[in-house]
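Next, two complexes with chain A in common: one pairs it with chain B, the other with chain C.
The block that comes next holds the complex of A and B.
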């Protein structure tokens, strides 16, 4: 990747983190940890990989993203706003009565969202259906699904893992935000995913492990998956709460409410300075 | 009216622990959410009787059923939609059809998870549970009833679904033994009967006082058990007042309102107005805004009851 592209992706990811923290802290509630861990992946998707038209979100040449870990809507909304799907100011309407931006991604409400998610495990099946339907029409559009490591405890995820390679979909990439934490606990304390890359490979996927905070590595992994003869599975090693150091890898960083946001202004301010320094 | 407020989760945890001390068969099944249900005390004291399965609600219902076959009394608690809608068929067959001794608690019911939006609302949980023959459905109204209902549930033989919200729960009644299947006349009145269930009832009580001050005397009936339904008390209310309003934080379709209509059609045909969540997809939004939007606040209840009681029969 060219240095300039990489720099742009890093700036985009920072901007996503800023907008995410700003919107959820101003609202007083929101899924912080998983939104920050997935920010770099979303930056790569919307910054360098996916085809889309913010003026025409339903453009039929678009690639599709299903955020199956739908609670991380704020990270995706930030990316969509930054890219011009709707005004940035609208981010502050999160969860207000009648909003187009509820916590969980919602196909019926938000320009740029193609699938509702929030009940874990469901989005990834829907994504497979989209990939199958596009394949049937010989369309080149890609379908991406992002799942969480806690979400991967849902049996429904493994139904998709088993069937997708059997259906020969190649336009389908599942990205695991493997941040090692779920709602109450560290994932390993409940149910270890083990060597999840190997598991995916055994199920018939073209599977890779990458550093989920390195835009270059994520981008390369996507390129390799696209070139492969199978559906792609990218195990992204990530840190829950990435970027807000005090909240990284600690319990209770899943969703924050009220006083738990203490210190957020300073974090946002530092991100802003960092972003300005990169211009 | 000012009531003393309690944390529903704490009550659930406390009663579980007390009952577990007396009954070694009680176990707790969780899907990444037990501490959020007040179970920390139980987990600390009885780590071996606690199964944190991870996020797998469908499987958790099956595991609970199996534990029941092995003689255990499993309590499976999670957000209402993930206990009812997500694993519905498992609930129907693994718990309902086999009449397994499983206790399911759906918390954050109604639109209590207002910050999380439609995927996390439990607006059809009573309807779903009520569809399964032989499942007892409980929706306690206040802190005392919640304590009583928890105890009754854990001592009852057979499947139970108990729904509960999130917000602090008021103590309205004195503590007494909770009898499954019994409604309760909380206020006498002859102009209209308001039948209600769950924690939204507190708004009904306030509305009834306002209505009385405006010359409408409402009988108020509390229904902390939705199945088996106390049909006798519904018949009595219908005959005494000739009009019924049902208030619940649930879809107007399928819940207590529907159950009351079914009973009235059978035993005492009178006009029934269902005041619940309109049968549409509700927005995310602050809880209090949603209560108002659905007219489930005291003012909304007053308005609805007034309109209904002045209508021609």
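The block that comes next holds the complex of A and C.
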């Protein structure tokens, strides 16, 4: 990847983190941890990989993303606003009555959202349906699904893992935001996924593990998956709450409310300075 | 406009009518897809597969995915008909039907076969006695129970042509034909199968409509004139017809191959209560009791769903008129 592209992706990811923290802290509630851990993957998808048209969100040549860990809508909304699907100011309407930006992604409300998700395990399964439907129509569009490691405890995820290779879909990449934490606890303390990359490979996927905060590594992994003769699975090793150091890898960083946002203004300010320095 | 069949003609299996119609539609429309979860053989799936091998997706035993994958397929413009036994299509797929299909406003046609006691020897684990109760609160869903092959063919065509989530309840066995093949039905419109003045029997599904028509014959022998209605769509329900017949006959019996809780009987009672036209009413259907292995006709006796039970309920509501 060229240095300039990498720099742009890093700036994009930083901008996503700024907008995410700004919108949820101003509202006083939001899913912080997973939104920050997935920010780099979303930056790569919307910054260098996916085909889309912000002026025509339903363009039939677009690639599709299903944010199966639907509660991390804030990160995706930030990316969509930055790319011009809707005005940035609208981000501040999150979770307010009548908003187009609900906690969990909704394809009928938000320009650029292709599938409703929120009941974990279902989004990735819907995404497989989209990939199958596009394959049946001989269309070249890619379908990406982002799942969480907590979400991967849902049985329906493993139905998808079994079905996709068996049905020969190649236009399908599942990206696991493996941030090692779920709402209650550290994932390993509840029900470990074990060697999830190996599991995916055993299920018949082309499977890789990458640093989920390295845009270059994520981008290369996507390229390799696209070239493979199987559906692709990218285990992204990430940190829940990435970027807000006080909230990284600590309990209760899943969703924040009210006083739990103490210190966020300073974090946002530091991000803004960092972004300005990169211009 | 529906046209009633005048003479007694044995109907074909409703699952066969479903399969034939789906194949015919798929020939006209390249977007029709048939999805199964390893019970496709029970609804003549292989016949679809023979004609359209690519558009026949047997996903294996994974009902949750059956629902969500169908939702995804519809989101890229195709029209999925996904089938499994009614027991799995409702209880097992409940949240997926709700979120992936209905809440997400996807265009999915869910088909549940062998509902209620019609799954007979498969026993209590396989008796879908509450599928309607689970589906009915889902916003914007359309629930149809075609009672003969003509109604089934119309239901499949209508579901394919109308955007939204449909649940088609498909009893496996055919009884007698009720409607001429060129009948035109309507969503939300019940059909009067037999006129009558003393009591209205509102029924659903071919098994219980057959029992209701037999009951009307027994009642006729007792000098009682019973009106028999095929409700056809349980949601939206034909409130106008229910109120009209309550006012005309002053007594109602509902008859369903489903639990008396949450199904047709409950839906009719809701209409009557909110229309301020309470009349004596009784519900025939599966009582507060699990299913068990037996032939459907044996279960009909055990569950008090025979023509004689319907007759007794009719006499009771007639006696209850003021």
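One rule holds for everything that comes next: the second predicted complex is superposed on the first by the 279 of 279 C-alpha atoms of A that agree within 3 Å, B and C clash if a C-alpha of one lies under 4 Å from a C-alpha of the other, contacts with A are read in each partner's own complex, and residues count from 1 in each chain.
We take it that a residue touches a chain if its C-beta (ideal position, glycine included) is under 8 Å from a C-beta of that chain, and two chains touch if they have at least 3 such contacts.
Fair warning: this is a prediction, and the values are worked out from it, not measured in the lab.
Within the superposed three-chain model, A:137 lies in touch with chain C and out of touch with chain B [touch as defined at top].
After overlaying the two complexes on the shared chain, residue contacts for A:265 are found with neither chain B nor chain C.
In the superposition on chain A, A:195 contacts neither chain B nor chain C. Within the superposed three-chain model, A:108 lies in touch with chain B and with chain C [touch as defined at top]. In the superposition on chain A, A:163 contacts chain C only, with no contact to chain B. Of the two partner chains, chain C is the only one that A:128 touches; chain B does not reach it. Contacts of A:155 after superposition: both chain B and chain C are touched. Judged by the touch definition given at the top, the superposed model places A:118 against both chain B and chain C.
When the two complexes are superposed on chain A, the residues of chain A that touch both chain B and chain C are 106, 108, 116, 118-119, 121, 155.
Considering their complex, residues 29, 70-71, 95-99, 102-104, 106, 108, 116-121, 150-151, 153-155, 182-185, 187, 190-191 of chain A touch chain B. Interface residues of chain B, counted against chain A in their complex, comprise 32-36, 52-56, 58-59, 81-82, 86, 114-120, 281, 283-286, 289-290, 293. Remark: chain C residues 33, 54-55, 57, 59-60, 62, 64-65, 68-78, 80, 95-96, 99-100, 103-105 touch chain A in the complex.
Taken together, the chain A residues at the contact with chain C in this complex read 64, 66, 106-108, 114-116, 118-119, 121-122, 125-134, 136-137, 139, 155-156, 159-160, 162-163, 166-167.
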